[in-house]
Amino acid sequence: METEPLVYLNGAFLPASRAGLKVYDAGIVLGATVTEFTRTFRGVPFRLEEHLARLYRGLKYLRIDPGLTPSDMAAATLRLVEANGALLPPGSELGIIHFVTPGEFRAYVGSAGGAGPEGATVCIHTMPLPLYLWSGLFRIGAHVVTPSIRHVPPQCIDPKMKYRSRLHYYLADLEAREWDPRAVALLLDLDGNLTETGGANFLLAREGTVYSPGPRNILPGISRQVVRELCGELGIPFVERDLQPFDAINSDEAFLSTTPYCLAPVTRVNGLPVGDGKPGPLFHRLLAAWSERVGVDLLRQVLEARPPSG
Amino acid sequence: METEPLVYLNGAFLPASRAGLKVYDAGIVLGATVTEFTRTFRGVPFRLEEHLARLYRGLKYLRIDPGLTPSDMAAATLRLVEANGALLPPGSELGIIHFVTPGEFRAYVGSAGGAGPEGATVCIHTMPLPLYLWSGLFRIGAHVVTPSIRHVPPQCIDPKMKYRSRLHYYLADLEAREWDPRAVALLLDLDGNLTETGGANFLLAREGTVYSPGPRNILPGISRQVVRELCGELGIPFVERDLQPFDAINSDEAFLSTTPYCLAPVTRVNGLPVGDGKPGPLFHRLLAAWSERVGVDLLRQVLEARPPSG
Amino acid sequence: METEPLVYLNGAFLPASRAGLKVYDAGIVLGATVTEFTRTFRGVPFRLEEHLARLYRGLKYLRIDPGLTPSDMAAATLRLVEANGALLPPGSELGIIHFVTPGEFRAYVGSAGGAGPEGATVCIHTMPLPLYLWSGLFRIGAHVVTPSIRHVPPQCIDPKMKYRSRLHYYLADLEAREWDPRAVALLLDLDGNLTETGGANFLLAREGTVYSPGPRNILPGISRQVVRELCGELGIPFVERDLQPFDAINSDEAFLSTTPYCLAPVTRVNGLPVGDGKPGPLFHRLLAAWSERVGVDLLRQVLEARPPSG
Amino acid sequence: METEPLVYLNGAFLPASRAGLKVYDAGIVLGATVTEFTRTFRGVPFRLEEHLARLYRGLKYLRIDPGLTPSDMAAATLRLVEANGALLPPGSELGIIHFVTPGEFRAYVGSAGGAGPEGATVCIHTMPLPLYLWSGLFRIGAHVVTPSIRHVPPQCIDPKMKYRSRLHYYLADLEAREWDPRAVALLLDLDGNLTETGGANFLLAREGTVYSPGPRNILPGISRQVVRELCGELGIPFVERDLQPFDAINSDEAFLSTTPYCLAPVTRVNGLPVGDGKPGPLFHRLLAAWSERVGVDLLRQVLEARPPSG
Amino acid sequence: METEPLVYLNGAFLPASRAGLKVYDAGIVLGATVTEFTRTFRGVPFRLEEHLARLYRGLKYLRIDPGLTPSDMAAATLRLVEANGALLPPGSELGIIHFVTPGEFRAYVGSAGGAGPEGATVCIHTMPLPLYLWSGLFRIGAHVVTPSIRHVPPQCIDPKMKYRSRLHYYLADLEAREWDPRAVALLLDLDGNLTETGGANFLLAREGTVYSPGPRNILPGISRQVVRELCGELGIPFVERDLQPFDAINSDEAFLSTTPYCLAPVTRVNGLPVGDGKPGPLFHRLLAAWSERVGVDLLRQVLEARPPSG
Amino acid sequence: METEPLVYLNGAFLPASRAGLKVYDAGIVLGATVTEFTRTFRGVPFRLEEHLARLYRGLKYLRIDPGLTPSDMAAATLRLVEANGALLPPGSELGIIHFVTPGEFRAYVGSAGGAGPEGATVCIHTMPLPLYLWSGLFRIGAHVVTPSIRHVPPQCIDPKMKYRSRLHYYLADLEAREWDPRAVALLLDLDGNLTETGGANFLLAREGTVYSPGPRNILPGISRQVVRELCGELGIPFVERDLQPFDAINSDEAFLSTTPYCLAPVTRVNGLPVGDGKPGPLFHRLLAAWSERVGVDLLRQVLEARPPSG
């Protein structure tokens, strides 16, 4: 009984099993949800402030007042991490999910009359990071495919916040998996430029320089920012510019950066090998530098992780 | 106790209070939900088959197997309508919501590894139609505003299915309400053509002809289809073509068509009156024809409706 | 020796083995080639005049003077058909290829100085139609896939002529075959509308109506025109409008129309079955009507065809 | 007899007159050709490795296996240069053309059935550089015109490889020559940005800085790269950014950079003079620096060149 | 003295020489002007009501209250026509110009503070139609050229009103005249579709059908409407659809329709002859039908017109 | 009498009341006008040369020969400034307006025949700067709103010159004022990027860096250039890149830069406060640095200004 993790929901800390959403919540009905995913390293949330700052930028854009300050939210987060982390075996790491919606959509069917939602839904919950899932990612690398579905442009929904109206990512991934069951979609924008996957930023390296799409069409990923800082420390130029599938196919290495697993090598683009088709030296240098920074051997942590028993 | 309405969820008929969604459902996490809203006239669902056919087109597009046939789903719907309708005062009408998601998103954080969701979530629930909310709509008319936010184009998410990744509609409505608290957003596509509102199709009339945006950028509304049929019966040409705000502003009448309230006059576009700024004769003709078809005086039903006591 | 087919090249009728192109021909160097593919039914070229009229529209657009009139070209064609048809076993059909280029690109490297090509290259040649290749197409149907590569828009190269700068079709087909080795690419335009495959027009049928993309983005196919006429005769509405992948996936039947095999059923779109995934009744009605018109049982002709011995 | 130059074709070194392509080669039928043009300075190929590296990037994109490595291809190239250079008068320079296609298009008419081409066509041939053609270019300058035809966008065909589906360049040049017989087309992209001509990169200079369109829409020219390096040596900033016709018209100087003649001044844009309408000082500085680097006085080489006698 | 024509300006009828605009009028400073051009046939204004209705649609869009009703404006117009027509030699026709601006731009430099213009400027003036200028147009035909400048899209300024922010038309005509001094620009929209010239609608005919661009990107010309009606009377299909330069180049005939000269043949498109390069039979049929309708032999009126003496 | 300011018009210095434009001037009829607005500081024109250089770039683009050199025009300007400045009370500042049009549009109705305008109209006039209007701007800040109207793209009219076909700005401001009567429109380009207002450049600041849209879609403002220089002096990075409304809403400060009032804080974007919704520290630093540079306390000058008496 006591082992059930807590969930923060609208001011209360509840056992997870009692924390359901109402069916008319605008987050469910409209996908009008801003969210964050933060992880721990050795049990300590990584860059929580930055994650919350990005969350609050999205809230401002959506004109949602969550009813608590970023530092209140940080405090509630730390309380959850402490409580829920204590339930896990040693060596575990937590994923921490924040999401906020405008609340219950009072007049679901009365939208032409104009009444909006009232009272934000604020939720924080955690999950053990499934580290064991990523060993293939680190050893073999990710496969990406550019699908026919295009990324939603910022004049419709701005990707600079993490939101949950993600059907286009979902549709794109369906196409990618048809092509290659291991693949995830690397979405192009309406002009055919590379953007991101549904869960990660995309980067590539060529002749010693790391290239990233510019900030227009992508989530300003915090892991991407870490990579940028690590590049700075390692003396590797990090350049933002419009990139196309041709660039990805002809890169020396390519990467996905994202909170859960930090950095993964991309070893196939549209079925073609990136470089020699294996995780490359720059990947290993960057992952090692990251490991050093957080005091965790990230490669080993994943390779040695085991699925939960039972 | 017995007064609680039933909800159909994944094969079971449950009391509404026991029918919550799990927090990792792809419908919540990704907005990967296909949905329908059907209403009753005198307690009988209207064009349920067409609604379900459209639902199943969306399911095919999302490669979701709901695990039951359209006629099974119709039967479950009718059972709900019977049970839940019996709980309401006479003269009430039901709104019926179907939604289907790919189910729980097992590997929320493992998207780069490729694991997809498993086991669709299928839900049907009902609500009493808030008829009393729409008297202003029928007497004064709706106000629409073209916001700066643009509609998501079909190469990202196709609007020919009703889906719940609706953040762009939500953002657009926020802008519209800033401009005029009564207004809803009439979204433009990326080329500046009129499309639809977040909850209704838009139509306009000029010199005796009804014009609608073409099928590319809009939900193929079942109410819109009814209007088209009624126009046919009344000898009113119904023409699909690209329309711009200039056309809306200079129309004689304009309309929203949607399942909950069938048809409403639009009396302001971007703050400018449509025609003389009042519900016009064509609106009344069409609503009367609709009323005759369904055996309900729709105008009277709304004007005489009262909010639920308590 | 006598069995070698003839080729018409720049006024002369040559044995095929002596009819090579020069390496600096603008058709090779620039892909600046207008072409047609015509076939015979029972040895008689089908709609040769229409094919040549389309060829000459392209020549005018490219400002190429081929040096002979359409009727001269028709006469040369008939002479080739007679000569080359006589070399084939009974029951064979010919494919007839016309292509015209601006001729040798005199100043290949002097383009900044402006000198253009001089003296068009005009070529007509024939090949036995590989009827035996298409039995799978007729029995199982074609698979189409919408690739990430988009169709070249008409403000770059107008697809209303048949031209040989087809690298985008080639790239699109590479993607399609990665997805499904049987598949061909059904290209989308820059707005995400369906256009055509590299070798055929695409049509779909829903609720008894045949739909085609409009003329903006596609070759005005002569086989497509035949289908349109047959629809007229059979009382089947034929409607041109913007179509998206959603429409193709949710059609009852879909087709490819093209000169070599006339009409083929499309039974999969992006891996999803069209209708029940088998060639449908409308396909068979249209093919039968076509067969009647040309006096050849097209289905049987293909199913009974055998590869050339040796 | 012995004076005929050699051509490398699919592993063999043949006399040019025996090296024709087959009419069904995909390079002819589809324009599916990747190519390079390299030149010599004093008989030595310039940056051959870079040209071949670019060729191989295109081959990877087209999934063509040429069957020989870049260094094999370099060796074959040098053998040709030696053999063919020996046939020319002293002071001549060679242009070296590499092109590779997917090979003969076996099932030309069976594309819906999916069969692809087999066995790449690999060809290397040379030509004497027509240096004498370029004296006007160096003395008077090139004229460029922005035509109504737009450049093919990278989501259709990526211009980062040199390919032979160049019909849009050809159409654009037709328009340019209508306007001014000396002019070549400077194509705009779909957003109205400057890109390149059919044979050269475009650069402009204003207030001491050289500006170039970014890498998205243009061939990453090797001569452009040389200009960039020379700018670096001369302390001239070289900036990539979106440029429009307004910028070209109001530049102080403008240039075409391309392998055959290295660098030429552009003295008219859309009929308006660039600067004072004459080759400017920056052109002469850059050409002098280039001359020094390759040990050839490029201006003098061109001005003193004479057409081949006979 | 008495021979000076009158001008209507803000309620007063003034001699033309006294009717200047103030330099801060928003019509001058911003081009924020809605305008109409109407002509007489035998001294009687043609379709004045339709012109004024279009003017008032533009005024509504610009939220300008002109301070007088359409019938007041018609009355003022007729008074001007009577007075000014009496000053002209027999056989003359008047052009009547209406234009309305938001009035003097009070806070020219204070736009960030928000103050708008106050008090509309309403002006009506006339001019003798320069019929003599159009004989070449009727005998030789107009030349049109598609320039690189694109038409302003309706999401920026809607072309369904006649407005005076026409710099793009002006720039386009500059390009057209560079190409051919007789040519006017036929602007393409951003997708490369044909739209209109700066002064006329464009139409083409092929195989007995007249085609026009759809209403999205063009002025809904009143002369175009007359052509449509005449086509109806003559049994000629009139079809609206997207058209490209390829269509214009390959049409049998093409036309400009516009108030001043009603209808003119287009005999060259981008330097290529339309049909045989001469005014065609459909032009003559349509002009004859128009002549009959208005009781004026339009061809003869123009061919016999002489420039004003002196 | 003597108090009337002078106007320069086509070579003459006239009293303002005698300097009207003709109704057929292309500047009025077509909005084909290039213009500049320069101001004085302590009676001395600021960066007049740069303003005139920009004017002449526009004239070249429009192929207008103004008939006098930039230095002639500067001299005429200084003479006007001296004469007209002397008429004003001490402490006044002048706004100086230059505008040039192609002159009278001789063949207004003969555009299909091709005749263009002849003889440019060149005008210089001045006005007292209404400094008193801007105190609210400096104390409260400007409000901006992103309207549904989009900026005209450079392939239609290039915004790098200041022109008077400004109807889209006018329409955009109408929308902005509907939303908030104090607001001005901050136009988005067709891709949803921020551009500029009708009268000013837009800049934003975040975490100590100033960001501006790139040069593609905006006037290269001279005040913006001053801000850039001041940033350089103050050690503040100034970065050009694509920006979206999300960035503006989440900036720390935002600014309008423009000649009349130099720099103003933007305190609301789409109704949301920028930072704390008040003019911020960077605004005050930049304005102080500007004040120092020109020897005028700009804040005080505005706050102490009074409207002209009478």
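Letters A, B, C, D, E and F mark the chains as written, and numbering starts fresh at 1 in each.
The rule is simple: a contact is a pair of C-beta atoms (placed from the backbone, for glycine too) under 8 Å apart; a residue touches a chain by one contact, two chains touch by 3 or more.
What you are looking at is a predicted structure, and each value in this text was computed from that prediction instead of being measured.
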Selected from C-D, B-F or B-E, interface repeating C-E by over half of its contact pairs: B-E
Fraction-based call for chain D against chain A, same above half, different below: different
Whole-Å gap separating chain E and chain F, where each centre is the average of the chain's CA atoms: 32
Between chain F and chain D, distance of the C-alpha-averaged centres to the nearest whole Å: 43
Rounded Å distance, chain A centre to chain E centre (Cα mean): 56
Interface hub residues of chain B, defined as touching at least two other chains: 61, 63, 148, 150, 153, 155-156, 188, 190, 192, 245
In contact (per the touch rule at the top): chain pairs: A-B, A-C, A-D, A-F, B-C, B-E, B-F, C-D, C-E, D-E, D-F, E-F
Residues of chain B touching chain C in the complex: 57, 60-61, 63, 153-156, 158, 160-161, 214-216
Chain B residues touching chain A - in the complex, by the definition given at the top: 7, 19-23, 26-33, 37, 61-63, 95, 102, 107-116, 123, 125, 127, 129-130, 133-134, 136-137, 142, 148-153, 155-157, 163-171, 173-174, 177, 181-184, 190, 197-200, 256, 258, 260-261, 264
Chain B residues touching chain F - in the complex, by the definition given at the top: 146-148, 150, 175, 178-180, 188, 190, 192, 245, 270-271
Residues of chain D that touch chain F when the two form their complex: 188, 191-193, 241-242, 244-247, 249-250, 272
